[in-house]
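First the structure, then my questions, so here it is.
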């Protein structure tokens, strides 16, 4: 049932287990508008991660006492399917999921014009169907697209990606085994507006120098992902436009 | 249970159509919506399947783990079906512990699998009274457009058929994992067929708009031999004996069609 | 602690373990108006089942957001006492109890003129004090009487009874051991108004033919129970009348 | 906590009566309502008893199961008292986990049994530190018309006296069930007597209307030797030392009367 | 980890394990106004007990349906820190904590002029940081001071103290081991106004005579504690007055 | 998240001061409030420490108990950090299960200890796969005046350094307690330093009024070698890369100062 740990995660030619270079992202696939009922939705595959996001709102905040007079209440739930991980996960939210829901919400909010919709709520639901390291970053990337798909006005898309340290080398976009066996993991979310870092966490051990490099490497990763996000949205609007004009 | 005006207007319209043998989306009374089935979609799961039934979408994943048997059946594995109506599937689903609807859904799917003896639970015993395999079947509703039961039961069966277990040997009470996998042994193929009663007529595979106006619902699960293995009436209306017997006959026929989608050959 | 399973549940003369014939109901005892505080109440013994039902309402729905503008909200809780079964049951409601509460409610609602009491709630509480197979059916039979005892206007009483298959033969009103060891169990609720089946479930394995026979057998059982329900109510009203006229 | 006008009027009326040594239902200040006791009413339970105290009605069932001892008393069985104020008993009881009142009720009943050493917990040890018997005492309130504590404590004692255990032998750490049953060994007979304070007077066995207007409540549990083994003050008022001592004396007397209902001979 | 039980808890000269006489209180230390945010607060050490109390209110009752038209809603939470006892205690409230919260509230309420603040709530929070027997009594003593510190008008301070029976002798203010190994424990709360006993519980075994003596002994203990309470408050007001006049 | 008018006025005032390098309470931007540290304050705990950071007050107690290891690390002890925002600490804290804020607080403190490998979990294994020591670190917030993270992390480290375990020997799978105690082995000294961003400026150790108006928060935990071992951004604003790197540098310096308060010599 459990994975076996390989002897080396990176070979002498700086090639990682899955064949990637040190600064290379995992293969990604993004789709928007994938769910029927949600106001906005998106799907991402990043390596073996498979994650769905849906947005409902803006709508009247419920329960009412949560409504904010001058802005929308942005809510977020990050949740893992029981079969998304090696050992079945109970569907009840774990402490980890509660924390991630919070930091993901705080990573998205700087991008959203919440002041446009006072007294409403905007609910973002993220479901991790399969997990392979870096789910919180992929969750932010895909949730940001779901918000855009719902037509929520935003300052920009938020892209997210981790950098880290594995067997002494700094690498981009760690997968599950690199995350578990590596020396450090630094997930980061970024939006081009204001060059803003909207999520930043770190686990492990990094010198100040390494830390600076890792932050920059993660930002570069986010920029690539941001490009892919824009393409996906554009492609969808072109498709919609064509459909409308047909 | 609340019938706002909008729903009542729709109810009238749907009922009129049904009385003419027609449905809002163009189907005949005994037609299913289009079904798409994909298996092995979640590699981390021991088995998985996604079913799209019209716009209804359900993902089922299975996990197999070691655990303890129930004390009253010490030499049988354990089957556990759980259903999550995750909030991305519908504006009416909310985060939190499973509500009545999710529990009923899980239990109806569970009964189909259990009563048809689809899983040979005795084969999942490792050490009587101490160690057995637990088969978790997690139903994950991704989009709700009606008839979650049939979609979930179909996906659950497909996921079980897709489930593989590692090979193992028991040596001195300890499990030794051996290379390779073997498929989970599935002995029967239960298929659930659900009817809505609208204005005294039965329609197969109700979609959301029909569910909102139906009087009652009946689900009949039949096994590979055409025997009924589970049944569930739902909703605030009722059925006559005549309707129940008619539904059973149709359910058997429709189940045979649906079974072919999951069980090849 | 555990029952021992006997070798045969039905002998060659079609006599069941407890001496009943195949189509015979277990001995029943019904009382109404048994509790002091409830608006309506009833008690049933059916074989070794001992079940109490109480009704409170119609009363203002609480919490208010549950109120329905044009009808009463019918609620139902089916609950088992910890000491009602072989192994002590935790008092927290199990998934089984949640499901049974739902199907019992849906079995009773077709009989209740809920439209007479908009914005109110009618709460039905069923407590299984001792369980011996077929509790959901006995619960419906007794809850229906408690509703009547509370003076709730109804289209008719709902009676419920299971049929099933045991050792190859179709039988009426299965007890605990027949349910557990038998091949099929088909609980059914019925009301004479519209000849309506208001609850129907099935576990086990039945051919279409057997299914038809079982449904009819269960309906016949319900008719007998319905007779007993009517007698009980009548006897009570006579008693009340006599008391008033004394 | 809320005193609507109706209650205040009633309060005045009840208090006036009490000051004359009378009560609304005709009893004297130190009289119990009529008591009906029935044992063995639930055959599935190891022991059971139903007490009717006026219109208050309580059912207690006991179950005995094997389990683990508490680490600090490895050679003692476990006594667990739980109380459910099930919603059919009163319009003020709601479904859900036990609230404060139910917890207090269970704990007061528990203390009477425990502190009087009514159950010889050492005799319920099967294998020290590993396996002991757990005695579950489940108090089920069926109708609430006041003084749940006395009715529950009485029913609990009667149910314990009615409790039988199967015979067993321990062979090589395993329990072997033997034919027949033996009664649970009950060594003491604690009886709870509750007083309400109304307008500075004490009344025994308050019924619901008295409880609604009382200032405070005091329950004194005495054992077969007339010793006090448990005591609980409740409510938002207070007692004087004089009242407490007076109550204790009366409690001892009343307990002797009540004990005769449960313990024959 | 566990304490060892000594052979004797009281020697032949009536001296207790910690050197006290039979009718002697444990050393006590009381402070008021110890917390920054609370409207009132107090801290007590009694033997090894270390307990904090805080009062918030009177303030608008929330949720609103709990508000009482003609008086304040007094609430109380008694809670033990996980590290306050020998075996770590789960922070979720135990049944014992629920019961003690209730009896402590009922011990305090007779002293509070709740009728002065209709529709409000007064919330009293007690945190046991270290427990050594008699925490409910010390909790009442310290909560009463926190109420006074919050400026809540009171009929008087409530003092609390247990009496009990240990190795055949009646003793005052039992500590943890005396409570566990002794024959009886009788916690009592008292206020001088009306000479009122506002809390009374008992565990163990006492004859009627012993019971009478124990009640009187506990009341005497409360009177001593009441003296200490008054001194503490006075000292604080003097300190405040001096500060103001400087 | 709600900004009533009062807060906006305060926000303007605080922001203006900060833009001048000043703060409402007179501190410089990189100054901590006065810190008081006391250890061994709770004798029942295996270790304890109270930190006062200005008016913020946190008590941490540790307990060590035997339990089972996690299956994936069978030969390691278990570290469990829990935080309670008890309602006496703030009018905004309510009784009930830990909310988001308490969970984040516990997890940030946990990561500092865990990632710096402050506790040698391998040394806490008694019997691989079966019995290990569990170190419970309970953070108890007694008064909330801002920057709970730094105060809690500091108190947690001090409590761990104050923790003693009894001596023991393992004989035939059983633990035998021996006389005396030994200190828990603490290998590293992680210190958390938190910044608030106010009007694009960073201020160290924000107090409550600053937290109420800040745009975002960043906590950087460094270990005894000046390496970063944990980091957490919080709040609804953002940081630039420049700010993050600047914060890291300051965090390392401030941590060295703070570490001296806890680690003597």
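All chains are identified by letter, namely A, B, C, D, E and F, in their written order; residue positions are counted from 1 within each chain.
In this text, a contact is a pair of C-beta atoms (placed from the backbone, for glycine too) under 8 Å apart; a residue touches a chain by one contact, two chains touch by 3 or more.
Computed from a prediction, not measured in an experiment: that's the story for all the values here.
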Can you tell me which chain lies farthest from subunit C, using the average of the Cα atoms as each chain's centre?
F
Let me check something: if the centre of a chain is the mean of its CA atoms, which chain is farthest from subunit A?
D
Note: subunit B sits from subunit A at a C-alpha centroid distance in Å of 32
Counting in whole Å, what is the centre-to-centre distance of subunit C and subunit E, each centre being its mean C-alpha position?
52
Nearest whole angstrom, what separates the Cα centre of subunit D from the Cα centre of subunit E?
27
I'd like to verify one number: the distance from the centre of subunit A to the centre of subunit D, where each centre is the average of its C-alpha atoms, in whole angstrom.
58
Give me the residue numbers in subunit F that touch at least two other chains, ranges are fine.
none
Residue ranges of subunit E touching at least 2 other chains are 87
Among line, ring, star, complete and other, which best matches the way these chains touch?
ring
Beginning the circuit at subunit A and going via subunit F, which chains come one after another?
A, F, E, D, C, B
Residue numbers of subunit F touching subunit A in their complex, please.
1-3, 72, 100, 103-104, 106-107, 111, 115-116, 216, 218, 223, 226-241, 244-245, 248-249, 252
Subunit E to subunit F touching residues, read off their complex
1, 35-38, 41, 48, 50, 52-54, 56, 59, 77, 79, 81-88, 91-93, 123, 125, 127, 129-131
The subunit F residues in contact with subunit E across the complex are 41-46, 48, 55, 57, 59, 61-63, 65, 82, 84, 86-91, 95, 97-98, 136, 138, 140, 142-145, 166, 177
Along subunit C, where are the residues that touch subunit B in the complex?
2, 68-70, 73, 87, 95-96, 98-99, 101-103, 106, 109-110, 186, 191, 194-208, 211-212, 215-216, 219
